[in-house]
Amino acid sequence: MLPLLLEKVSFAVNGRTIIDRISVEIAAGPRTIILGPNGAGKSVLMRLCHGLLKPTAGVIAWRGPTNGGLRQAMVFQRPVMLRRSVLANVVYGMGLAGIAPRERELRARDVLEAVGLSHLAERPARMLSGGEQQRVALARAWALNPEVLFLDEPTANLDPGATRDIESIVAQMHASGTKIIMTTHNLGQARRLGDEILFLHQGRLAERAPMERFFRQPESSEAASFIREEIP
Amino acid sequence: MSEITQALGAAGAMIFSFDRKLIEIVLLSLCVSLTAVVIASVIGLPLGAAIAVNRFTGRRALIVVLNALMGLPPVVVGLVVYLLLSRAGPLGELGILFTPSAMVVAQTILILPIVAALSRQVVEDTWQEYQEQLRSLGAGPVTSAMTLLRDARFSLVTIVLAGFGRAAAEVGAVMIVGGNIDGVTRVMTTAIALETSKGDLPLALGLGIILLALVLALNATAYWVKEAAQRRYG
Amino acid sequence: MSCKTLIYGLLFVSVLAAPGTTAQTRFITVASTTSTEQSGLFKHILPIFQKKTGIEVRVVALGTGQSLDMGKRGDADVVFVHARSLEEKFIAEGYGVKRFPVMYNDFVLIGPRRDPARIAGGKDTLQALRKIKAAGAPFVSRGDRSGTHNAELALWKQAGIDIAKEKGPWYRDTGQGMGPALNTASAMNGYILADRGTWISFRNRGDLEILVEGDQRLFNQYGVILVNPAKHKHVKKDLGQAFIDWIVSAEGQKAIAGYKIGGEQLFFPNANDTGA
């Protein structure tokens, strides 16, 4: 599937331009963090890449070979739990992905173990805490063995402890071969998790750089201001 | 006030003597309305969900019409169904006029908009919450609709009960298409209408009390089941 | 108890209903009037007929007008009403085969005990009606094209009153069946023309009582007609004819005469009266 190619992609709603002619190629490997202030268009860009939104101009294409279909998953800022048990939630996604029924429960229990929620497998998912629900969402995505995992500000609503849990799982998934594309407006998180940064400002790709270089020597003035926390 | 006391007395006497006619009438009422509610739900719930998750031209007009149809006057439905099922009408060949089947048809038509319109609302509210996640997981409109129906099941139970209540309470439709035939199409509401018109008000009131008690019992049962299930599934 | 049990239970009950056409039982649909049904006559005579012939009679009790309409549409096999002119028109237009007189009952003029129009005890209905109009006393009319309604209109006409033109606020055109109309009359202490049968079994009398009765003009003739199978092929003409044959036979007539409320006979069989 990867690399993902965006060519002059724009997205406008009611005359307002939210994404303005972004061209970028995202390759396999490094953890890509989409960074930027509130309102920069990070969430919209994620959704365009994932396929939830269609660009109003430009082209988005997966340029790599697709073995076994388009395998990508997304975790949202607010996890959406179905009114079923934790285990059933994880199994649900696999059913849609066409994984064989016999395999589903086994895999589900494996990923739940990996995220540390085995003891809650039978609990109604909606009764879990925010952090736990987000872990279920990650488990659900992980069970699909996706090539690309999109995460849209996954810890924005969580306390530091839960945030650490989530970041740890994301690291594990990256280690097992999944490409991570994540948005955040939290500089610390970007430093901890990112390999490369795509900095968005008012819908445009203001800068792209490896993480180290971005924080040491940002090229654009907007990025510099942002790092100095002058733009919220 | 004395009429109400008489009514309670009449109701009590009927219930405790296991009056055969009464049992017949009660069973028929339940059967007709329950059957109508089942059919209306089988059609209406998926219909409501489908309208909720799909976008198509005329969708908003359809929603407005569906909501308006919730207020269909039963007597109008009865009249239209009568004209359809009459021998002189297009479906006369079926020969189901003045049978419980005709009553089921009329009540189904009456409840269907209620089930569809309300389930559309409930599903659409849930759809707002779930939409992105379901689409992200690859669920198409049909799968999404089914998932939403399942997740909204507790609210849907309330809707189905509302439909049943409407059916069990109406008299206009079943009177016209059933004919209130003694022993064949006489249900609680038409029996009440008949006794009222005969001037036997305590008896009519007594029957009314029994009808209320039945509907109350059904609602209470459904509520407890719902509570129990909600505790299990969140 | 789980959700599943409840759902299966519901499905089971509704399947039990299996409401459908009972093609097995032999039955006919008779369109008749509310007065005949509410008086309890059918409850008395139909079981006798069913026991003898095994034919179930399903009575749809509406008003005369609606019953004849049902006959025209073919929704009934037999029509049993009490409005001779309308019945003859029904046959003339080809909807019915032949009219047989069956029985008569009588109307009574009912009013409040107070009797503001002073008609109590009189034997002349027409005079009574004129007095009611003169007094402007409330009068409840059925207004529903029923046999009773037609009889009432005929009486006003005979009394020399063009009621459509000359009615005032005292004339309450309710559009209801006999029972509901009596309820209305009772509630407003008004005068009303009613058939004796419904009156005798009416429970909500309030201050009302019979004020005028026995006048020849108040006699109310019932006729029975088989719906024309030539117009509606599915009409159960054999079963329907069996019913008609029975009700005009000595046995049927005896059953009618045998029906009493409080010792009082309501309907007087006269199938033999060819002029009826």
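Lettered A, B and C in written order, each chain numbered from 1.
Here is the rule we go by: a contact is a pair of C-beta atoms (placed from the backbone, for glycine too) under 8 Å apart; a residue touches a chain by one contact, two chains touch by 3 or more.
Everything numeric in this text was worked out from a predicted model, so none of it was measured.
Trainee: If every chain is a node and each touching pair gets an edge, what shape is that graph: line, ring, star, complete or other?
Mentor: Graph shape, chains as nodes and touching pairs as edges: a line.
Trainee: Which chain, with its centre taken as the mean C-alpha position, is closest to the global C-alpha centre?
Mentor: Central chain is B.
Trainee: So what's the Cα centroid distance for subunit A and subunit C, whole Å?
Mentor: Result: the chain centres lie 78 Å from each other.
Trainee: Averaging over Cα atoms per chain, report the distance between subunit B and subunit C in Å.
Mentor: Distance between chain centres, rounded to whole Å: 33 Å.
Trainee: Could you state the distance in Å from the CA-based centre of subunit A to that of subunit B?
Mentor: Chain centres of subunit A and subunit B, defined by C-alpha means, are spaced 47 Å apart.
Trainee: Two or more other chains in contact with one residue: find those residues in subunit B.
Mentor: Expected reply: 153.
Trainee: Name, in rising order, each residue of subunit B that touches subunit A in their complex.
Mentor: The touching residues are 129-130, 132-139, 143, 147, 150-151, 153, 232-234.
Trainee: State the interface residues of subunit A toward subunit B in the complex, per the touch definition above.
Mentor: Answer in residue numbers: 47, 50, 52, 73-74, 76, 80, 82-85, 92-93, 96-97, 124-127, 140.
Trainee: Which of the residues in subunit B come into contact with subunit C in the complex?
Mentor: Checking each residue of subunit B against subunit C gives 28, 30-32, 34-35, 38, 86-89, 92, 95-101, 103-104, 153, 179-182, 184, 194, 196-201, 221-222, 225, 228-229.
Trainee: Quick one: which bits of subunit C touch subunit B in the complex? Just the residue numbers, please.
Mentor: 1-3, 6, 10-11, 13-14, 16-17, 19-22, 29, 34, 38, 42-43, 58-62, 72-75, 176-180, 182-183, 186, 198, 201-205, 232, 234
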